[in-house]
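Across the two complexes that follow, chain A remains constant while its partner is chain B and subsequently chain C.
Right, the complex of A and B next:
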């Protein structure tokens, strides 16, 4: 049989694929249209040139600050600009913006759509790290970089991109909500981690960090009980509700709960998971209940096929 | 006949040129891997040419747009096949509600261009293998495709699939057994 597998023919990719790729590349590097500038702007620019002359030596001896391209839309007005490390970008109720994660040293790795009433800051842009801070509001990220290169800091967590698309919200009090639409995101905070796949969400809370992830199609009762458990000391009764409401797919939630419940409740969570999905070969019940990291990882990898 | 990667492994110079945005280097990179990526996608998506083309395009666009970030700490092909695995898994998730067992008609798309010239018995065997492969669950189909189209080592497959080598070995072993059983019933 292995010989038969090796004999399977390689299929030639249609030429149309490269044509489509080239078209997409051309679109992404198309020059931005020039925007009209009023006369006073030119006067200010002339003054600026003089000031720049005085600062020339200083600027020539320093490398240029990394910057991302920004297109900001306010009603029908479109403004093109850049945001540099340390700078803030703020939208009001009638404007939104798109940031292209791009600079000469790293290329184009994705886009961030900044919703109205949002405040973000560019924290870092270097080859090994692209980092944005979301102080409040909502962003939608679509990232094609290798995993663990793009980070979004919020008041209650850091979203680590693992090759994905997602939205992240943060309110005035620092509470957050991550919703993943493609791939995976890891939410991390002070040693606490939640792995969130496409179709799932996770709430975050200041001083607590990420809650327990859940699929968006999980029952409302399960989602409410998780909120109680994670952020309102819901305790045993909240866990009872989660266990009762869980479907096969909700083993995502149960797997995370295993290491978050009190030791006395761990066996109940374990039993519910194996009720829903039999324990795979190679996963030891004892080690899982002892929260052995390698065992939990192996178990998660197997369960993930149901997510 | 499936060949190993080594004869067409992309050079560090081409990757470096890609990092500088050289369009010819992008093309060279694409040419080196396109048929393998497309074949995996085609077998993975039950012979659906549109889905395979979309996935191939998506993988190479991500690769090209992200290559400036590629630091060479992991092998280039490891990164490429991780993109392939992610794209396959995302495609499978989206298709799950409407996914059906592969039919002979769909799998026939996978017949090679020279299939009519082949010996009838050999073609029948290949047809059976394709049908059996397409009917395997995703978790067993993917490692078999990576193993036999790309000739990846267990370590490379583990890195691409983000799991342990033990898991890879176990899935390959179980995939082989399931494939053998399906082939028996198809013959």
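Right, the complex of A and C next:
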């Protein structure tokens, strides 16, 4: 076998082979061009990744923005939606709506029926405060919540829910009317307060605030005189009418009047209350006439048994 | 023997005196506390106060709602919760409003303070309790008194 190989003739390789071999050798030993990435580019990329990650984490874990459920009815059309903090809800003459006061932290605490031609705004929905603004129109609230959790702001008052059902109206000029059907409401405005129990109403007026509350079954003369006293500078003649028309139950009105009449007329109001309901034990006449807050509160709580 | 009777009488005197004049006062729910101490008044029908009871810690109060719905006599449980002030309770209806609207109902409340008893029959209307027709008694109401109050309320609402 060795001899046979030795006897084979030598043949010269073609030049093309050497050319291709040299070309291959040149390619394998030529240095690669260096790609240079500056440090700031890596930093920007890292920050971008971090920001995107944080945004994704926040969007996945943040609590949902507070919102109340809304059902809006316009003729035969019913539309379900939500109202969020800062948003307005407006009904026209042919539509009305129902807001469900629900919040993950407080649960479902009641409903607000929004009458036609009404404009309301969701002001706040926090664990200790659910707040609505009634700009104009009429709402009916039915609230089952701890006292002082739900508030309705109007141009002339804030209705503080003490566990109740009521209607609240506000006209274009800011005049309002609260009518309580269940429980009681405290109307507050600029240091002035009116306690309105079930069966009673209270008017409100811009720049004056809540008027004097009265029971809806009080005489019309009493109600008219109160309007004069509260909002038209009715003075003594209006007070005379209220005193003359007052029944036992109307001590609600008289108790509020005590601190609203001029000092000279205070004794007359006091005497009329005592005529209707004897002064209870623990209530001092002198302190009541001096408008001592604790005495007035104690007296009010006793009078409330007659309301 | 006379001496024993005298001693017994003397022993019982404080208990009797503490409940002398024991009675109930009925008022609107707002009377249970116009401040913020009453935690929830929605659904409250009326408030009750135990009067002239010095042993409030041992006093007891209970009651039932009695009604006529679709011509049938019904009884229902009540929810009675202590309010912020001692001896003051809030009575709430435990029966549904639809049933309330279909029939007529009175609430019979009874209470004890030591050995003294008191009661009241409180007619109910859609707007709340009917003050003018409320009867306060020096003892628990009898079935006949409750039936009579129901008939009167039924007649008045027809």
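As a convention for this text, the second predicted complex is superposed on the first by the 244 of 307 C-alpha atoms of A that agree within 3 Å, B and C clash if a C-alpha of one lies under 4 Å from a C-alpha of the other, contacts with A are read in each partner's own complex, and residues count from 1 in each chain.
As a convention for this text, a residue touches a chain if its C-beta (ideal position, glycine included) is under 8 Å from a C-beta of that chain, and two chains touch if they have at least 3 such contacts.
If you're wondering where the values come from, they're calculated on a predicted model, not measured in any experiment.
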item: Partner chain in contact with A:14 - chain B first, chain C second, else both or neither; value: first
item: Which of chain B and chain C A:135 touches, first, second, both or neither; value: neither
item: First (chain B), second (chain C), both or neither touched by A:71; value: neither
item: Which of chain B and chain C A:195 touches, first, second, both or neither; value: second
item: A:163 touches, of chain B and chain C: first, second, both or neither?; value: both
item: Partner chain(s) touched by A:183 [first = chain B, second = chain C, both, neither]; value: both
item: Contacts of A:149 with chain B and chain C, given as first, second, both or neither; value: first
item: Superposition-derived comparison: chain B or chain C, residues of chain A touched; value: B
item: Touched partner set for A:115, first chain B, second chain C, both or neither; value: neither
item: Which superposed partner A:281 touches (first chain B, second chain C, both, neither); value: first
item: Touching both chain C and chain B, counted on chain A across the two superposed complexes; value: 144-147, 163, 182-183, 198-199, 297, 301, 305
item: Residues on chain A engaged by chain C in the complex (per definition of touch); value: 143-148, 162-165, 181-184, 195, 197-199, 297, 300-301, 304-307
item: Chain B-touching residues of chain A, taken from the complex the two chains share; value: 1-2, 4-14, 16-18, 20-21, 24-25, 28, 105-110, 127-128, 144-147, 149, 163, 182-183, 198-199, 281-282, 294, 297-298, 301-302, 305
item: Sites on chain B touched by chain A in the complex; value: 1-3, 19, 21, 23, 26-27, 30, 34-39, 42-43, 49, 53, 56-57, 60-62, 64-71, 79, 82-83, 86, 90, 93, 110, 112-115, 125-126, 129-130, 133, 137-139, 144, 148-149, 162-164, 166-167, 170, 176, 179-180, 183
item: Contact set on chain C toward chain A in their complex; value: 25, 27-31, 33-36, 38-44, 47, 49, 85, 127-128
